[in-house]
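Below you'll find a set of structures to go through.
There are two complexes below, and they share chain A, which is joined by chain B in the first and by chain C in the second.
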Partner chain A sequence: MKSKHRYRYRRRANQVLDVLITLLIAGFCLGPLYWILATSFKPMGTEYLIPPEGWPSKPTLEAYRIILGIPSEASQEGVSGEGVFGSATEVPQAPSLHFLLPIRNSLIVSSTVAVCSLFICSLAAYTIARLRFRWKIQSLLLLQVAGLLPAVMVIAPTFVLMQKFHLLRTLPAMILPNIAYNVPLGTWLLAAYFSELPWELEDAAKVDGYKPFQIFRKVILPLAAPGLFSAGVFAFLGTWGEFILSSVVTMGVSSVQTVPVAILNLSFEFRYQWTWVSAAIILSVGLMVAVALFFQRWVIQGLTAGSVKY
Partner chain B sequence: MALIFLLPAFIAVAIFLYYPLVQTFIYSFFKMQRTMDWLHAPFVGLKNYVTVLTSEAFRGAFLFTLYFTVVSVALEIGLGLGMAMATFSVSSRLRGVLRAVLVVPWAIPPVVSAMVWKWLYHPDAGLFGYLIHASGLTDSAPQFLTDPILAVHSIILADVWKNSSIMGILMLGGLAAISKDVYDAAKVDGARGWFRFRRVTLPLLLPTVLVCLLFRSLEAFRMFELSFALTGGGPGTTTDTLSTFAYKYFFTYSKFGLGSSYAMVIFAIVLALAIAYVSRIRKNLRFKG
Partner chain C sequence: MAEVRVESLCKAFGEVGALHDVSCVFEDRRLTVLVGPSGCGKSTLLRTVAGLQDPTSGTVYIGDEDVSGAPAWDRNVAMVFQSYALYPHMTVFKNIAFPLEAAKMHKDDIRRRVTETAKILQIEELLKRKPRELSGGQMQRVALGRAIVRQPDVFLMDEPLSNLDAKLRVLMRAELKHLQRQLQVTTIYVTHDQAEAMTLADKLIVMNAGRIQQMGKPEDVYRRPANKFVAGFIGSPPMNFVGCQYDPENETLSGAAFDIPVPALWRGVLGGGPARSLILGVRPEDLVVETSPVSGALRATVYVIEQMGREILLTAMLGTDPIRAFTSADATLDPEQEVWLSMREGATHLFDGQTEESLDSSEAYKA
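Up next, the complex of A and B:
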């Protein structure tokens, strides 16, 4: 009787400990983001209050409205009713920010890069993982060493190259190099995935007289959907966060800037408006976190496949 | 046949990675002040390298980069291992929650995470400064980003936050790959707690840890965004990494030759690390087929 009691007590203690551990790790990982979230809802100026408010006493979406360039009702009335003068007095500082623009640019760049690099990588990975040919290790090394080059190493000549092709200040100037930047990791992840696939179907397809490209398209690709998914998410997230190239080739033109460049500029331009910067952070992070969490299973699978199975 | 399949990958990598590498190598031998046309720039031989290697700034940047790499990677491996062990030990429902939580810092773009920390470190209204000041540890809120020693460690903390969780996820994969039989055997032999961790788990996890270590240190050595966006290399040049230095030479001072020799030096160091890396994973490079 007594021992049973003790057992139950210990199990309860274990459960409490589990929850504590979870809270501790979650606090570490999410705490900074919580603080940004709270700041983004604060009315302008109250982010500087000492002591700081843990959660705004009067939460407002004002910062989001300004960041997205949505005119407030007051200013709309001003424009329609009293003309320029009214709007100018009612909204002392409402710069026309369009944070949706960098988000749109980033979406275009990242998804194009993800699709194109998946195509290139899956072909290369299939070859390396499944076909017999002579310079296999050398080919793989050639691709992987490229992945080790620091970004600053290639940035200046890439800038010159883009200048020659008159691509500066355009989205393709970010899309094309980023496809290449994703090739090493993507090929690696996919090759690791392909090499785990069963050979039987492929052998059967060979017996049926399929050519390598047909096998690749009709047998391997459908089987490798989860692997393709994780490689795609990686390329997307990696490109979304890419900064050095974007900051150089956009040359300060805000209409083609991607999210990281736009956020940095915003924080320089409005260095005292931390509610705005926080709102911009939440907008750009929210989407990525949603992508990462939604595809969590594949992300973790891909990460694990790419590193642990070495 | 195989070559046709590999061709797109090779072309992409050749144009945007290997060709620029060769160009940077060529640039590094020329005096290129406000010009990007090396054909008409004066050839200066190894002079750029001498300038770089003997400069005080290079030594500072190199030491900071090295210190940053060693300290942050060590902390990240340690914390990551701790988080992986913790996540592995909790009940399966909480494990799912934790795994999702661990993905979050990794998914945030580096520049954006720098902005997050910039607000936490804000000299007037930053949460950290307030907490430390309010708890009576210091007379005034510490200047996280303008005090030389604090700035270095503020950057390290921001990096640890961003990357420990990914180390955790990787090691969690390593832990899950350890067969349950091993633990059963350990149980029979009476190995528990710290002893089991030290003598059973850790040795079996070591390959994963090693891969994580090399993979992270290669990345940390190239660190750019945090230092660029958080402190801009300041105060002075205390938190300039080799990468931000090269970037400044390129796009602030327009000295492409000097910047290129900086980049080449980084490359030489990264290559040395990479050789260690590849020789570690070489035996697994042999895909069947």
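Up next, the complex of A and C:
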């Protein structure tokens, strides 16, 4: 009986510990995000209040209205607030902030990168996972090494390349290099996925009269939908958050800026208006979450269940 | 419809040889079963005929055409896989229609052919389902449907029943045989199950270690096995083997625990020859169990008695060799009891002690 109680007590203690650790990790990850969310709803000037407000006492959508360039009384009169240097700072009229433009740019760049890199990665991954050829392992390793190069190392040559192609200050200057950046990881992800698909399906399709590319299109790709989703979302999110390349090749031209660059400019240009910056960050993150949730609908778990029986 | 012929086929995977100089004919409109233990090369042979594997050397003919270098999609063969290999993202209808779409057939014709096939296999009500919604037996039928819908020259079946439960397997076995008779398509069927092989085959090809051991009608292979491997592989429970020495002076076969006169059947074959080491083989159903001494019988001790319902399977020890025999269900036997096992006339087999090849038995068996 004694040991039974001790066992129960231990189990209870473990459960409490589990919950505490989970809360700690969640707080670490979500804490800053919560703070940004709360700040985005604060009336301008109240973000520096001491003691700080955990949640604004008078929440407002003003910051969103301003960064999206929606005219309102406040924005038409010009807004003022406490800057980072503690003095009241006059800021330009809100209608000049068209945050929808960087969102549009980011959507174009990220989705083009996701689609194009999926096309290239799926072909490369199929070749690596399913076909036999010399230097297979070596090519896979080379790809991996290329993927390990830090962004700062490739930024200068990429800039020169884009300059030669006369692509600086355009969206393709971000699209083309980002496709290349995403190929190594995407190929690895998809190759791992393809290699797990049963060989019999491919054999069956061959005997049924299909050639390798048709098999790839009609059998392999539909079955790899969850893998394609993962690789696509990785590419999309990676490109959406990409900063170094975008900040260099856009060269300060606001019409081609993507979201991360626009957020940085927002904070510089308007003397650290944290409510605006926070609203911009929340919009950016919210869109990402929406994209991830939307595409998740297309992933049917256990799609391969029932295809072959062992 | 076409005859399939392979000539001097060799296949090696790196250093490992899977097929060694295999030549055989799969007759037109007949069901030929390739049987052998795992790793004997039967699936490799089938996949080579399908075009899923290139032979290292040798030739494959379908009809009169040499297809050795042709890819699988150009061979007009249909294959049923052990795992069924149904496309999980397609409905049953789409699965069956898939080969017809590859042939760019008109949509109306595809619909007609799929419906006809579904009718033959009694799966009309499953056409809208996905493979994951089917039972093992239903998946098996869909896989068969996908094979027969295109009316191929040859059916290739790679252990198609091995994933079904025992009861369904027996049922499907009969259906398969009926279907093959009905469609009259040359069929190559691979299995490791000798009972399945015996019941299905018009012609049986027994393989081991990448080589053909024996070909022929199932009953011939059963009655006149060419070597000890075939004798032991075909038949369940397997044939009993005991090592012995032929003594030409006394015309006896003597082993560690027995000394019997050479069976009449073999006297002509052995008579006058030198002393040699042999392997005596006799099937469990060809032994008669007696509880009192019988001359010329093997004296053994009862080891295990297994009641099978219709009969008893008895395992008795002949020295250190276990011997199995069937006897009637009402026989009263006890463990450790002495029994005398006499061999039915004309049902003994002798194999050379070194080569394990059957002594030329054609004459002996006729006797």
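Definition applied: the second predicted complex is superposed on the first by the 239 of 310 C-alpha atoms of A that agree within 3 Å, B and C clash if a C-alpha of one lies under 4 Å from a C-alpha of the other, contacts with A are read in each partner's own complex, and residues count from 1 in each chain.
Just so it is clear, a residue touches a chain if its C-beta (ideal position, glycine included) is under 8 Å from a C-beta of that chain, and two chains touch if they have at least 3 such contacts.
Treat the numbers as computed from the prediction; the structure is a model and nothing was measured.
Peer 1: What is the contact status of A:223 with respect to chain B (first) and chain C (second): first, second, both, or neither?
Peer 2: In the superposition, A:223 touches chain C alone.
Peer 1: Pick one for A:36: touches chain B only (first), chain C only (second), both, or neither.
Peer 2: Touch partner of A:36: chain B, not chain C.
Peer 1: In the superposed arrangement, which partner chain does A:142 touch: chain B (first), chain C (second), both, or neither?
Peer 2: first
Peer 1: Looking at A:260 after the superposition, I want to know if it touches chain B, chain C, both of them or none. Which is it: first, second, both, neither?
Peer 2: In the superposition, A:260 contacts chain B only.
Peer 1: Looking only at contacts as defined up top, I'd like to know whether chain B or chain C touches more of chain A.
Peer 2: B
Peer 1: Which parts of chain A are in contact with chain B and also with chain C?
Peer 2: After superposing on chain A, chain A residues 303-304, 307-310 contact both chain B and chain C.
Peer 1: Given the complex with chain B, which residues does chain A contribute to the contact?
Peer 2: 15, 18-19, 21-22, 25-26, 28-30, 32-33, 35-36, 39, 47-52, 117, 119-121, 123-124, 126-133, 136-137, 139-146, 148-161, 163, 176-177, 179-181, 183-184, 187, 191, 195, 212-213, 216, 237, 240-241, 243-244, 248, 259-261, 263-264, 267, 274, 277-278, 281, 284-285, 288-289, 291-293, 296, 299-300, 303-304, 307-310
Peer 1: Which part of chain A faces chain C closely enough to touch in the complex?
Peer 2: For chain A paired with chain C, touching residues are 198, 200-201, 203-211, 214, 219, 222-223, 302-310.
Peer 1: Quick one: in the complex, what on chain B touches chain A?
Peer 2: Against chain A, chain B makes touches at 1-3, 5-6, 8-10, 12-13, 15-21, 23-24, 27, 36, 83, 86-87, 89-91, 94, 97-112, 115-120, 122, 124-125, 127, 130, 134, 161, 165-166, 169-170, 172-174, 176-177, 207-208, 211-212, 215, 218, 222, 224-225, 228-229, 243, 246-247, 250-251, 256, 259-260, 262-264, 266-267, 270-271, 274, 278, 280-281, 284-289.
Peer 1: Touching residues of chain C toward chain A in the complex: what are they?
Peer 2: Listed in rising order, the residues of chain C that touch chain A are 47, 50-52, 71-73, 75, 77-79, 81, 83-89, 98-99, 102-103, 130-134, 136, 139, 146, 150, 156, 163.
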